[in-house]
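Let me give you the structure first, and then I'll get to my questions.
Each chain carries a letter (A, B and C) given by its place in the written order, and its residues are counted from 1.
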Amino acid sequence: MHPVVPQPTPITRVTKELSDTFSIHLDVSARGFSYRPGQFNMLYLFGVGEVPISISGDREQGQELVHTIRAVGGVTRPMRTLKTGDFVGLRGPYGTYWPMEEAHGKDLLIAAGGLGLAPLRPAIVHALTHRDRYRRVIVLYGARSPDELLFLKEVERWRGRMDTEVAVTVDHAGDDWFGHVGVVTALVPRATFEAKDTVAFVCGPEVMIRFTVRELERRGVSREAIWVSMERSMKCAIGHCGHCQYGSHFVCKDGPVYRFDRLAPIFHVREV
Amino acid sequence: MEPAGQRNDTIALSRNALAGLVNAIKLDGFAVFGPTVRDGAIVYDHLDSLEDLPIGVTDKLAPGHYRLAPREDHALFGHHVGPHSLRREFLIPVATLFRARRTPQGFAQIEEPPPARKLALFGVRPCDLAAVAIQDRVLLNDAYRDTDYAARRHGVLVIAANCTQAGGTCFCASMNTGPEARAGFDLALTELDDDTIVCTIGSDVGRALVQRVEHVPASDQLLERARLLLNDAATHMGRTMDPHGLRDLLATTLEHPRWDDIASRCLGCANCTLSCPTCFCTSMEDMTSLDGTEASRLRRWDSCFTVAFSYVHGGAVRPSLKARYRQWLTHKLGSWHDQFGSSGCVGCGRCITWCPVGIDLTEEITALRQPGGS
Amino acid sequence: MEDLQRVLREHHFLKGLSDDHIHLVVGCTKNMRFKKSEYLLREGAASGTFYLLREGQVSLEAYVSGKGVMRLETVEPGDVLGVSWAFPPSRAHLDARALEPVLAFAVDGACLHAKMEADPALGYALMKPLLEATYARLERSRLQGLDVYRTGV
């Protein structure tokens, strides 16, 4: 079988997250599925096309996989009509993952921007499940506006824990929002962590990553301790089609998660 | 295939015997593909007999220039490389990777037998063979295996034709892929004159094949003639390019002003990528039958020269022509080393020949070696 | 007074100042409390006061006719507020409203200004963190202006 052949996989649930964002829950119990936080799958809509979607969660020990999708393209828009009992094609998991063990015994700082929280959610859940492996756990999350905050209930649950520092901010808000207003980078200087002993995971739009990395470096976190997730056009996910090339990297297999210092030579070069 | 090139692995054939060899291959059920004249160019296509080779025809190659011309002799292999490479045979321009029928359980794959064809390549060039090895590394010997490519590559018989002359855009000697084939063949031919061919045996299959036609061991004199011809071709390449340090050069010159200069000439037509024997970029297209009950996925040649190639939601990563040309060249000559352990260039010169404005990557590399801003 | 000196020097903004300079600032500073929803600054109003926030979150807002209150940024303990004091005509260009009970050091601008003029070393010592805070806010505004989470139109 060709490696790009997807497997039909039933949808157990579809949940609306934001006005243009939804999560589909897939039943993968029939085949068994293991993945690492930060990896992605290719989801196929019969005859329409295929898109790379990071795994945003799982339930019941990997029996059910969650993918959070923003309806912005030719495949993701028609995916909005999917409902319980429908099927999508699935192949994966692909790519590199958040190196949880790098942060063992250290402060773990997770900075997410917008939909960038989705690929970080499994990392956060993993860290909170094995909370004793880390010193401080800090989650900084920024979105465009209050109604574009993802997984808000869950974020509130994380915030309710005494052993975790969670700060949420939005770029723009009206009078009815009582949280922080301002960019996610503003949360970095306010967070409590030991810079020299911190591992940071950052995911969001590339500009958000740039500014956040700078803020982390300003606080004294070294580039070797910062991990970022990159986005490029991924079509085949197996390193064959060439679309996701980023310098010498195929983001689909060498990424999407990179240690920042390894990207540093090309990170600020335009149009690489 | 075992190492070739030993004295007793080199024989001499007449042209008649070579014609017999083609017939023997056909008798074994192979479709024979090799260089032939079609539509004013020498392309790789079906050969019925030795007569279908471009006998007495050569090709004049220069930047942005390709013309056929008669030769004074009746050489079989007195030409260089045309617009087609072997990529068309293995990483075919359009392949169906997956077909499925809609079912109550979502969909079911329509199983199809892998493409099966006994293919013999006859008279293919060393640079093109080197390119096949490079594509093998990408599509067969990486983490994933393209099964369509694998099926087409399987069991291919290869009769190479060494180059006894170099074309105006050739630089295989610089890239160490020619003018003599070193690996990846069953037999390799060196045409000495209209009736004398020296043949290096590269495999047991090749050895068995030549047993079926009249041949003699190659004499020292013939071997010396072959060596002189190949040396002459190597020292008369139309182009040269110093391959050393290209990986580092291209990794450190991303902001070199030369890229703007190239972009002012480049038309973004993608000819270089389509004629390149190692370019492997493809797109995947999903579609359904008109009634929506069947779906298929096609793999189609794509090019990093299109704006849409790098599109992520919101826009293309490389909207400027400068960035797209830079992507192609830095990948081909630079980052390919990081990815696959070799250069992605075999020195065939097609990208120079088929560039409508004659952009010559060997010249561009020379320019990039000059300090920025000069 | 000595007590004020002690707490003032713990404020993030004044960390780099010498005891002597802190002492000069103390002379221009008083403690202030604001109830929730109370304004620290009003857009367009003369603003002679420079606040160093100690407790509580403050919202920087602009009122846009037809849209209502646009919250531009929230500032936190450790931040400064009312930089417009330093430049004529010293009018606030945003509303600053307490989102919860706020405790702040209120520095009298005219008083501080006179001391800074008289003692350039103090002026420099204060301008450094002021520039840093202003630059950080400029950087944040730029990132905010890029609207990076906006999806394709």
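Basically, a contact is a pair of C-beta atoms (placed from the backbone, for glycine too) under 8 Å apart; a residue touches a chain by one contact, two chains touch by 3 or more.
Remember, it's a predicted structure, so these values are computed and weren't measured experimentally.
Central chain assignment: A. Criterion: smallest distance from chain C-alpha mean to the mean of all protein C-alpha atoms. At the far end from chain A, in terms of centres built from Cα atoms, lies B. Averaging Cα coordinates per chain places chain B and chain C 68 Å apart. Annotation: 41 Å between the Cα-based centres of chain A and chain B. Rounded to whole angstrom units, the spacing between the C-alpha centres of chain A and chain C is 35. Residue positions of chain B touching 2 or more other chains, listed in rising order: 313.
Along chain C, residues 151-152 each make contact with two or more other chains. Residues of chain A in contact with two or more other chains: 70, 72. Those residues of chain C that touch chain A in the complex are listed here as 57, 59-61, 67-74, 76, 78, 99, 136, 139-140, 143-144, 146-152.
If you check the complex, the residues on chain A that touch chain B are 1-6, 8-10, 44, 46-50, 70, 72-73, 86-89, 231-233, 235-236, 238-243, 245, 247-248, 250, 253, 265-266, 269-272.
Across the complex, chain A meets chain C through its residues 20, 70, 72, 113-115, 142-144, 148, 169, 171-175, 177-183, 185-186, 189-190, 204-205, 207-208, 211. Those residues of chain B that touch chain A in the shared complex are 97-98, 100, 102-103, 105-109, 138-139, 142-148, 251, 254-255, 280-284, 286-288, 292, 294-295, 297, 299, 302, 304, 309-313, 317-320, 322-323, 326-327, 331, 334-335, 338-339.
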